[in-house]
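What follows is a pair of complexes built around subunit A, which joins subunit B in one and subunit C in the other.
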Partner chain A sequence: MIEGLTGEVLAFIVFAGIALGAAVAVITMRNLVHGALMLVIHLLAVAGLYLTLESQFLAVVQVLVYAGAIVVLFLFVIMLLGVDRDDLLIMNDRRRVAGIVAAGLLVAGAMTAAFVGPYTSEASVCGSGVAAVGSQQPCIGLEAAKGPDDGAGVAFLGRRLFTRYTLVFELSAVLLTVATIGAVILARRRDLVAEDEDGDGDSGRDAGGDALAPVVAADAATDAATHADGEA
Partner chain B sequence: MNPLLDVSFAAIAPELVLTGAALVLLLVAITRGRPQLVMLPVGLATIALGAWVAIGGDLVPGVVLALLGVAAPVLPIVLPGRATLVQAWGAGLALGAALVLTLWQVGPVLGADGGSLVASASFAGSLASDGLSLFTRLTVYLSALLVVPLGYAYLQERRINRAEVESLILLAAVGMAVLGGANDLVTAFVALEVLSFALYVLASLARRDRRSQEAGLKYFVTGAVASAVLLYGLALLYVATGTLSIPAIGASITSVLVPRGVAMAGLVLVTVGVAFKVALVPFHFWTPDVYQGSPTNVTAFMAAATKAAAFALLLRLYLVAFPGLQAYWVPVLAVLAAATMLYGAFAALSQHDVKRILAYSSITHAGYATIGVLTLTRAGLSATLLYLLTYAVGTIAAFGVVIAVERRRRGEVTLTNLRGLGRTSPLLAGIMALALLSLAGLPLTAGFIGKLEVFRAGVDAGLTWLVLIGVLSSLVAASFYLRIAGIMFLDDAPEAVAVAVDGDGDGDGDDVEAMEAAEARMPLLSAGLSSAVAVAAALIVVLGLQPQLLIELAGHAGVLLR
Partner chain C sequence: MPIGAYLIVAAAVFSIGLVGVMLRRNLIVLFMSIELMLNAVNLTLVAGSRMWGDADGQVFTFFIIVVAAAEVVVGLAILVNLFFRRGTVDVDVPSLMRS
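Take a look at the complex of A and B:
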């Protein structure tokens, strides 16, 4: 057996390989629907990576939200636009593709160097083992971050949501309410004209048109007056 | 009490009232003409709750709740068959109650040691209760309270007064107030999104007006990009420091254990995101279009309250979390502020649309307020808070007059429309002139006090060059404010009105049309608009002549939870 090849590493290699392969497949598939399905595989593989990191909650959310809701949304859009139109996203300029890939690699490398680097080398702040100043420690593992009573995984998250982050939890409910109201307002097919005042609310459908009429007349009158003035 | 759960209802009393009121108003909207179905049970429950709170020892919130409970079923009786008016009154009463509760929160801490406010945290450190949060609440609720009556007749006439408008304004105010007190990164971000979402919808309220659509879309896209950038910055700060709490970030950000590169990347992204939100110059480009296209009362709300809330976030992040990195961000923000002040003032010179002029004026004012942040002193914090309040009052008065003149013009008020306003309606023109003088910062107005305090704090902190740029920009700005005043009072009324009024000699059908045309030229005046504008104008004068109380309050409010 190769040294260092524990089950965890093996799982990481398998899932990471699937994720990378599927990611490449997403952009190379000629059929958009196949691409979207490859995205599902990619997202599931990333969920597997989360599982190996012992974050069950994140893995489940990844499957529910990304592989579930978002890819379904993609498919809806693709179906609406027409599956046959595979000319939508084809890139036939090789130099452009190479440029994009190179730029992506550059950004990924830079981000890895900048953000991951400080935590990985032997001389890094994490490797040095110096006690943190103040109450906060910059690099601690998940186990150390949790309090003694916090439990694991989902239980830990739930506890935190309803203790430390109660306010944010409630506030996000307000946020969803606002978003729902907004969606209703913006998506409603026709304006329900304010249903009060002169009791013309019953004629909801026509009220909009009627309401515009006198205004248009008034505008026309002012325009006429202005023109007459200009000519005179 | 359960030790795990740290819920302090007193700390969020105004927000609770407003959220409750918003939800009740939404329910009322779907009862379709039978508001008592909701109002009566809710009113009774609120009275009972108020009595329980009062017996429990908190007299003021108990009485406020009981009064609201009484008002709920009475409103539909007093205003039968006028659903939108019930909504507006309901929202206004709730905002009034929120203001009273805010003052109730200030009261004891202010009286306790006669000096500064005592900062405290609630909700396990999520929410700060300090000078910044209380003063932001004050500004936001006052602005909303003025904007609700200001916009009622306007929305009604444009036929865009939907039942949900008041609820959205209330929920946006809740988001702004929580943003003022947000003491950790998650709370701040969620609160910011609450207010942004509500404003995206309010901006695109006039769905038949293409300009309003454009405003809503532009605001949404730029706002979403700004939020994404900001969120990335906040995430990097968390990565760097390992904590979400803003004071804890401030304590540890200079530690050798914090990777400087990550922290700096976070600082840069946060700066960009926040600069978008408060419209500092390279990131200001959305402001004129959004301010011009949105319904004018929404624009007034955006200019007054959103600015205060976004500055609350900026103040808390830079004064609590980033003082350790001040060598890096102070020069950058100073350059941004200088560019903002100069650009806003000069760009406004070439504008003809009054709403665009006021938009550029709001950009300029963001620059002035940033001076207070850059001082990093308590005096600077107080001055910024005071400045935001005086700016809110002045800009609401100005937009109120624009609403009155805008009647039937559907979002377009140019300088020519203001010609001769001093002859036709001198009171309105007088208030507009007063508001503009206040925005320009001339003595005896509220704006002068705000500007004086900010500039004084700037000079004391050694930012003399920035203050000089501020003075220069004020002079340029004053020139175009005075130009508007001159157009209103010195120029004659447009000829068209004279023709329309006099040209009815030959009678017949033209007569009616001419009368309608003349009527369309007359300013829109409703009870709500007049009283809101009058109150704003009175505040400008009173704060300008007797600023001591407010300066004292702002001085006490210069306290941050660290």
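Take a look at the complex of A and C:
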């Protein structure tokens, strides 16, 4: 199966090892900030795996969106709430841990058994001249399908994205807009609206905001100053 | 590399994420474990794209990244709200909806 230690094989082994180790670290780290940093390492290793799969554009998107935006959001929330310590209560119950880890191993084994069958030969990789598993005609491979002057495959992806999947693309735009608006509404401090200087009649919306009072009292001065700046 | 190697890595990462969801009680760690599982699925799709020399797998990965970003944004907003109301992000604390 593996003739020699070529560059591709070496890159795969390194990136896969880092990805697996960092994934284990994410779920076992006691400090949440360390966990989030391990998640960054995992995501970068997966981006490296995308590179070995000739998907350069997705590797860049992975670094930008996941490591650059999502993990920063995680770290921002962790540090905003000050919840970087976790007591790992379930992890102290050894029998439950053993059961859950066994269940996870079972899932991994089942998926591996389902995956491995026809996919382990060199012929499973397109571009080797023969038909890939489940494909009728011999395929030309990802690198050839991209075209000569499209190294990262941006045009290759864009052509498919804006022809066959235009509707899905538009729907994902709607989804992102709805998610942004929803996050703004959800994360708003509601009882600050009642203290609004111009009193534009929003006070009916702060039902249930009483639980926020102790937290908000400490920050009210700061937030009011910020708000005033925003209106100036 | 044979595609099977990538699929095995993806299966292992998915299972690690699943164990994390079941093992930990902190909502933030739960979200990070869900990210691990989504990433494993992405790796499978990209491996399939390489295997068949087709763009579909990469386009789907693109959409999964979009949906994951939206999910994290809304989930973390709910989490911040929950923390200000209850003072904890522990999922085993009795639910507000019960009363």
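Assume the second predicted complex is superposed on the first by the 119 of 232 C-alpha atoms of A that agree within 3 Å, B and C clash if a C-alpha of one lies under 4 Å from a C-alpha of the other, contacts with A are read in each partner's own complex, and residues count from 1 in each chain.
Heads up, the rule we're going with is that a residue touches a chain if its C-beta (ideal position, glycine included) is under 8 Å from a C-beta of that chain, and two chains touch if they have at least 3 such contacts.
Bear in mind the structure is a predicted one, so any value in this text is a computation, not a measurement.
**Student:** Which partner chains sit in contact with A:186 here, subunit B, subunit C, both or neither? Use first/second/both/neither.
**Tutor:** both
**Student:** Per the contact definition in the header, classify A:115: touching subunit B only (first), subunit C only (second), both, or neither.
**Tutor:** both
**Student:** Tell me which of subunit B and subunit C touches more residues of subunit A.
**Tutor:** C
**Student:** Who does A:5 touch here: subunit B (first), subunit C (second), both, or neither?
**Tutor:** After superposition on chain A, A:5 lies in contact with neither partner.
**Student:** Touching A:79, do we find subunit B (first), subunit C (second), both, or neither?
**Tutor:** Neither: A:79 stays clear of subunit B and subunit C.
**Student:** With both complexes overlaid on chain A, does A:165 touch subunit B (first), subunit C (second), both or neither?
**Tutor:** Both partners, subunit B and subunit C.
**Student:** Thinking of the overlay built on chain A, is A:174 touched by subunit B (first), by subunit C (second), by both, or by neither?
**Tutor:** In the superposition, A:174 contacts subunit B only.
**Student:** Thinking of the overlay built on chain A, is A:35 touched by subunit B (first), by subunit C (second), by both, or by neither?
**Tutor:** A:35 sits against subunit C, while subunit B stays out of touch.
**Student:** Report for A:154: first if it touches subunit B alone, second if subunit C alone, otherwise both or neither.
**Tutor:** After superposition on chain A, A:154 lies in contact with neither partner.
**Student:** Applying the document's definition of touch, where does A:98 land relative to subunit B and subunit C: first, second, both, or neither?
**Tutor:** neither
**Student:** Could you give the residue numbers on subunit A that contact subunit B in one complex and subunit C in the other?
**Tutor:** 115, 119, 125, 132-135, 139-140, 145, 159, 165, 168, 172, 175, 178-179, 182, 184, 186, 211-212, 215
**Student:** Using the touch definition up top, name the residues of subunit C that touch subunit A in the complex.
**Tutor:** 1-9, 11-20, 22-26, 28-29, 31-33, 35-36, 39, 42-43, 46-47, 49-56, 58-59, 61-63, 65-74, 76-81, 83-86, 89, 92
**Student:** Applying the document's contact rule, which stretches of subunit A touch subunit B when the two form their complex?
**Tutor:** 114-115, 118-119, 125, 130, 132-140, 145, 159, 162-168, 171-172, 174-175, 177-179, 181-182, 184-186, 191-197, 199, 207-208, 211-212, 214-215, 217-222, 224-226, 228-229
**Student:** How about subunit A: which of its residues touch subunit C in the complex?
**Tutor:** Per the touch definition, subunit A meets subunit C at residues 1, 8-9, 12, 16, 19-20, 23-24, 26-27, 32, 35-36, 39, 42-43, 46, 49-50, 52-55, 57-58, 61-62, 65-66, 69-70, 73-74, 77-78, 80-81, 83, 86, 88-91, 97, 100-101, 103-105, 107-108, 111-112, 115-116, 119-122, 124-127, 132-135, 139-142, 144-145, 153, 156-157, 159-161, 165, 168, 172, 175-176, 178-180, 182-184, 186-187, 189, 211-212, 215.
**Student:** Inside the complex, what are the residues of subunit B that reach subunit A?
**Tutor:** 4-7, 12, 19, 23, 26, 32-33, 81-85, 123-127, 156, 159-164, 167-168, 171-172, 174-175, 178, 184, 186-187, 190-191, 193-194, 197-198, 200-201, 204-205, 207-208, 216, 236, 239-243, 248, 251-252, 255-259, 261-262, 265, 408, 495-496, 499-500, 503, 513-514, 516-517, 519-521
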